[in-house]
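Okay, so chain A shows up in both of these, paired with chain B first and chain C after.
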Partner chain A sequence: MSEELNKELYRTESRWQEGEYTVTRTSVWTAPGCHNGCGVLLYSKNGKLEKIEGDPNAPFNRGRLCLRCINMIEQVYSSERLKWPLKRVGEKGENKWQRITWDEAYDIIENKYNEIKDNHGVESIVSLVGTGRNSMWQPAVITRAIFGSPNLSFGFLSGDSCYQPRMTANLIKLGDCVISDCSQAHPLREKNPEWEKPEVIVVWGNNPLVSNGDGFIGHWLVDMMRLGTKLIVIDPALTWLAAKADIWLRVRPGSDAALAMAFLNVIINEDLYDHDFVETWTYGFDDLVERVQEYSPEKVADITWIPKEQIIEAARMYAKAKPAAIQWGLAVDMQMAAMEASSAITDLMAMTGNIDVPGGNIIQRYAYNRSKKYGSAIEYISEEMLLKRIGTYESPIHESGYTPFIPPDKLLECLETGRPYPVQMLWLQGTNPIANMAGEAPRVYAAMKKVPFCVAVDLFMTPSAVAFADVILPAAMSVERDSFRAWWTPLRSITKGAELYEQCKSDEEIVLDLGKRIRPDRFSQYNNIKEYLDQLLQEDGGVDYDFDTLVEKVNDFWDWDYTYKKYEKGMLRKDEQPGFVTPTGLYEFTSPLFDVWGFDMLPKHIEPVEGPYTTPELMREYPFVLTTGNRLWGCFHSEHRQMPTMREVHPDPMMDINPKAADKLGINEGDWVWLENRRGRCKQKARFNVGLDPRVVRGEHGWWFPEKEGAEPTLFGVFDSNINNLTTMGVHGPTHYGAPYKSTICKVYKVTEENDRVSPTEIVTRRGGFSYAKK
Partner chain B sequence: MQKNDDAVRYGLLIDYEFCTNCHTCEVACKKELGLKSGEYGIKVLEDGPRQNGDGKWEWSYLPVPTSLCDLCEKRVAEGRKPTCVHHCQSGIMYYGPVEELVKKMADKPKMVLYSK
Partner chain C sequence: MCSNNKGGFVPPDASKLVVRCPVCKTFNSPKNLKCKKCGEAMLKKEE
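So, the complex of A and B:
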């Protein structure tokens, strides 16, 4: 990222010729996996991508790039990529495939669809998707508009615990989503005269430098630090940001709701809240005042393992800073009290008057409201069909449509029991559940094996594809696609800068191909992808231009998104009155909707189901609190393990342990160790983290080994180092949101020759799973 | 932009206070120079984490150009910045004549200057 530009080289058009290279200026979003959409310059020759650079003229990333884009050429032209559609010829799990044409693949899928429709009903087709990338709306459209099934879900992400709790809490309390304001909403960035630097940013439950979650580039925090912003970091582990923070709160995993309530306690009782905002724009404050009295800093110090003085100091520092932002992340979602923590943290933003102010937490919608993401095509599902959604009517918030998924924990029960009906087909698009998001992965493996037919759309052969798929469709990467991005702002073009690799197709092409075959009444009007994208850009009051125009613009910042205090200006509500999109029109400290659904109207702490205060007897055998899923610089979730460059940075799965705790167990740094609890075990390599509480260990997620044999029982070693051998399914907060991925328990011991004779993957694929799970 | 010649020595100035160890410089350099696994044109070294007597944490990263670094001679000839400077996620790397970088260095503590 550099300051001055060579304007002859770094032009602002969308495409130009530079010597022998055609340069395409656009953004990149999926694949590789990422939550962001950084601006890039694609240098191609004869349709082949030869070089890539960060686009210094993109206000979003200003030239900076992370490893995933820098390593683009290696990934796009990896010989490991899926090249053409494949049909299974051996048994499932044997990894034996036959090359077929796209027409043959579509014939198989269409025939199976017709058979299921006639004999079982289309609702028995279930689609699974991965995390937020440009493969969200496409499977939603395929499932709902093409197959006509209402059943779409995360790939067994227990408790929908990725951004859904935080977004849902935002939506219930203020009717919109808020994000921290590092000037990214405006094309002039820090030079926008209305913008102010956050005096303090609270980094809560994420390490954004590595994770870059939710459309937020983590290094924007470094930009802010360089301008003088102070940090409060809430993290069980010492991160680089925590080391640089004015205050680092080493929270016990899974106790964030209690901590947020203690912050509220201090801010209310010391009268540090924003009286104007609270009196004019909020509802239910007095009830919250009463509730927070149950959360004194003394009491919460015991719950969170954070000294009382630090809690008080941090609460004061946040409340007194004007403006201040909270940059929250996934750890808030991945606990029993996810909805409760999300609600209390949102209350902090409101109470301090930091909502939708410059340098605070600003209200954002998808640029020009252009993206429905997982909710796409729900309008095609009839009321009668909606009633057939699996598990949805056991979860009031899902039923009300806040999350457009069926609850993943209920889907697992459905697969296991065949109730309310057996699932006949799984459509996996951009998800590798048993390697990545599925809690209690061995249990999910056994359940998914029961489904008779499965299609996987992916870039590489994955353990999930080998274990379950009958047909595999090879997906295009971002640089081979025409698409667009509207997650927050700006609206960005995703323009093809390279010809398709072998016979891959983009997710959009797959939608159109299948749509024309199965539902020509809904798709025959589109002659090509661009016409379809035009429709998506323009329908329902979108932009007044077409896809080609967006390609020319590259970036289009939406002025709505960079307008501050929208609630004062009547910009949020359909009736154009000032206020928020809530039943009371106000920010709701107490949420009447929660009451209607039978939930507590106010936030509260919920203990993890396993831990020192809930299962002290278990702690004798499993003495560590286990937190999982800290992110890697080079790998996005379970992706990138077959990239030599990424594996040079991340050769092995690593677990973190305090050196004193390791010493007691005779563990040296670099030793392979087992992490084990009642559900199973996995092995990772020990890395010392001096900042980690000696009672807490961390384990990485997403590990499998493309270099190993794909066929079962090896299955790319998918269960050998899989931290989800230890996590849970079906254990979630009272609202059905939030699961304790980051707050379970385990023991740790060295791997030896004697205790490593049968690999975990063989135990799962050949011996019926770990003994506890079999009960 | 120009490259080293007899009259002017060029170098890299790095504000290491804000180096996060994101590996971008290392990998961007590998791609630019076509380096094999295990080879680096710039490598990030680590000091810490370690707690000082006052309770504050010491944790610094320092990118060190190796003998393979040619200050992106080819890119610079084309009018570009070295790829590490261009892509650095913290935006803390500067390329230029050493004399100019020295002046910039005077503005702020925790900067390090490498001459080539």
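So, the complex of A and C:
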């Protein structure tokens, strides 16, 4: 863990020769792969990557890698990779393409851009981005700085329900974002004399060993456990971490806000809160005290299906531990009450005095304020053009700029109705929406088909590219690019360790190429990528060195990030006064902003729109609560399905069911079963899971089958096992954030020859969708 | 607005999103001409 390394074995330069191998010491930040930027050693020969290892001197991952990185070579040199730009020659969906040059591709795009600008307005160009990786800020720049459109969307992720609710709740209540402090922000890691080990970590709604989400690597939890940290795990499923926890709370999906309120109830009523912090640094405590009385452990036990004794025990354990951290995840976002749950959980951190203390939840910003992830490029958009953002003015939090995206649910309405204006062009970069993030995927498929022109930038041919694209641009992978990562700390180099595959280009190159053609006033000054990266590193008070220097450094920690109690030291506010970046200058249990926007000032529980307490009559036909989105070792979202090794690890889509529930339905482990509700159905393979509540089933997301025919009606089988045939769009929480991806309902029954004559994909692509969904 | 050259996680300037009544200190929308609680005329912030 923190033992000394033999420097002769583990070198600290950025590049060296080792026999016939050139070794590049850097980090990878996908695509392909997850959110994190793990330190790696890239071994290449004649420009070709031959081996990849974890970098033992990388403070972030300390030599450890997961399957997705270890298997990188298979991905980089997969024969399935896109090799050169393609132009559609058949009808959309026929999967017929013609190889073209980059110049030809850019000509098509530029001509279409000019035509749209002259005839419809640039606002009718909409970009879709995928999850938080190094292919997210580039489409923001392309959309807003180059095309001039304000319309950037988080795919069709209903309710922006991936980190946006948690971040926004953090930003509203304390003006910054917090993450669990495993001493990852300090170069000395656990040897930092100021740091203290968390006595308890609450792992709330995520499985970070598999997912490594939101800049947090799951290994840090194992490191903390080795030091003696105890875990409370809140998860509907018995994960490895839950099995090792002191307390596992098997929560009913979608009831996390109620659980957090019950924690607050116990902590307040048993006087376990941090009086000093609450009295000195917070606003609205008395109102919260009154609200939490509505959430007694007895009442919340009924809501969450967790015994009240366990709720009380867990709340006491968390509150009495000094320090304690909460490591939260996507399940908090993927429910109707996402903003409310996020707010209540943030209140727990504040109530117990664990914000920005060693071993608590530390306030983090991008290293040196280099915003390379959810970068919005909004500063390029005029006030007049901002008014044309689709759907934004129906969501005051979006309107105010807390989220750089337009609301995805409103974008779907726009595509379906043509209001406020028809969308003329879609730009898809690093996203495969109908296979992955789009709720109610068949509905999104039909809506996207209406858009006349579409460009996809990707690594592989995808169902979304086949169904919608006119031009496809092949993107470079992380190991083929020069770039950098600043999402939390340290600032990390991303250095090219292999020559570009065929004619692929990096996302940064595509930005510069298009920028020079369409907006030379903004991009002609950059002669190459390094000059552009220099600018991004140095502008607005960034670092005082260039990209080549960062390459040499590999990692650079920012002391701001590892300073504790920044709110006491005047390090948060622009006026340099102590306090938080909020209207009151304090941590806000009741939020004036929520009030002004017309929302409840305090957190509360909201029942899912479908479920045992809201639609008991529907539960007779659809008796299971359906949760989705659990992470896989071998695949990241819809990626990796082309990789033989990954498919060997995880060949089929799996649904989890308690064996007692399966037995009643005559389902054996390994049977193919249908999961079905009022919106559609999909088929997955049954896997018994004794840890799952018999009233809950779990389905995997992201499944499509590159081995199947790409042309419609087969379309790589994208709807055959697609759990988003059953999820929703337009069913978000009152703040427009959060959607019930993890808390809808379904029935389960065996697949038979008789009930499987027409595939779901053919039903969607050729028969207008599931007939019962139209009723 | 959040912006990508000033830190994407730094929130918008809240002082432009909410203002305090000069008399009763209640938080109001900048769009309000009068305080929603006491009815006092809201002072227009100078740009």
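The criterion applied here is as follows: the second predicted complex is superposed on the first by the 763 of 775 C-alpha atoms of A that agree within 3 Å, B and C clash if a C-alpha of one lies under 4 Å from a C-alpha of the other, contacts with A are read in each partner's own complex, and residues count from 1 in each chain.
Here is the rule we use: a residue touches a chain if its C-beta (ideal position, glycine included) is under 8 Å from a C-beta of that chain, and two chains touch if they have at least 3 such contacts.
Treat the numbers as computed from the prediction; the structure is a model and nothing was measured.
When the two complexes are overlaid on their common chain A, residue A:427 makes contact with neither chain B nor chain C. In the overlay built on the shared chain, the residue A:567 is in contact with neither chain B nor chain C. By the touch criterion defined above, A:70 lies against chain B but remains apart from chain C after alignment on the C-alpha atoms of chain A. Of the two partner chains, chain B is the only one touched by A:53; chain C is not.
Using the contact criterion defined above for the overlaid structures, shared-chain residue A:404 touches chain C, although it does not reach chain B. In the superposition on chain A, contact is made by A:582 with chain C only, not with chain B. After overlaying the two complexes on the shared chain, residue contacts for A:209 are found with chain B alone; chain C is out of touch. When the shared chain is aligned, chain C comes close enough to touch A:592, but chain B does not.
With both structures placed on the common chain, the touch criterion links A:468 to neither chain B nor chain C.
Looking at chain A, you'll find no residue that touches chain B in one structure and chain C in the other. Within the complex formed with chain A, the residues of chain C that make contact are 1-12, 14-15, 17-18, 20, 27-29.
Taken in their complex, chain A has these residues touching chain C: 137, 140-141, 167, 171-172, 175-177, 364-366, 369, 371-379, 400-404, 539-540, 581-583, 592-593, 595-596. Only residues 1, 18, 20-24, 26-28, 30-31, 37-38, 48-51, 57-59, 61, 78-81, 83, 85-91, 93-94 of chain B touch chain A when the two sit together in their complex. Those residues of chain A that touch chain B in the complex are listed here as 1-3, 6, 8-9, 53-54, 56, 62-67, 70-71, 73, 209-210, 219, 222-223, 225-226, 238, 240, 242-244, 248, 633-634, 644-645, 648-649, 690-691.
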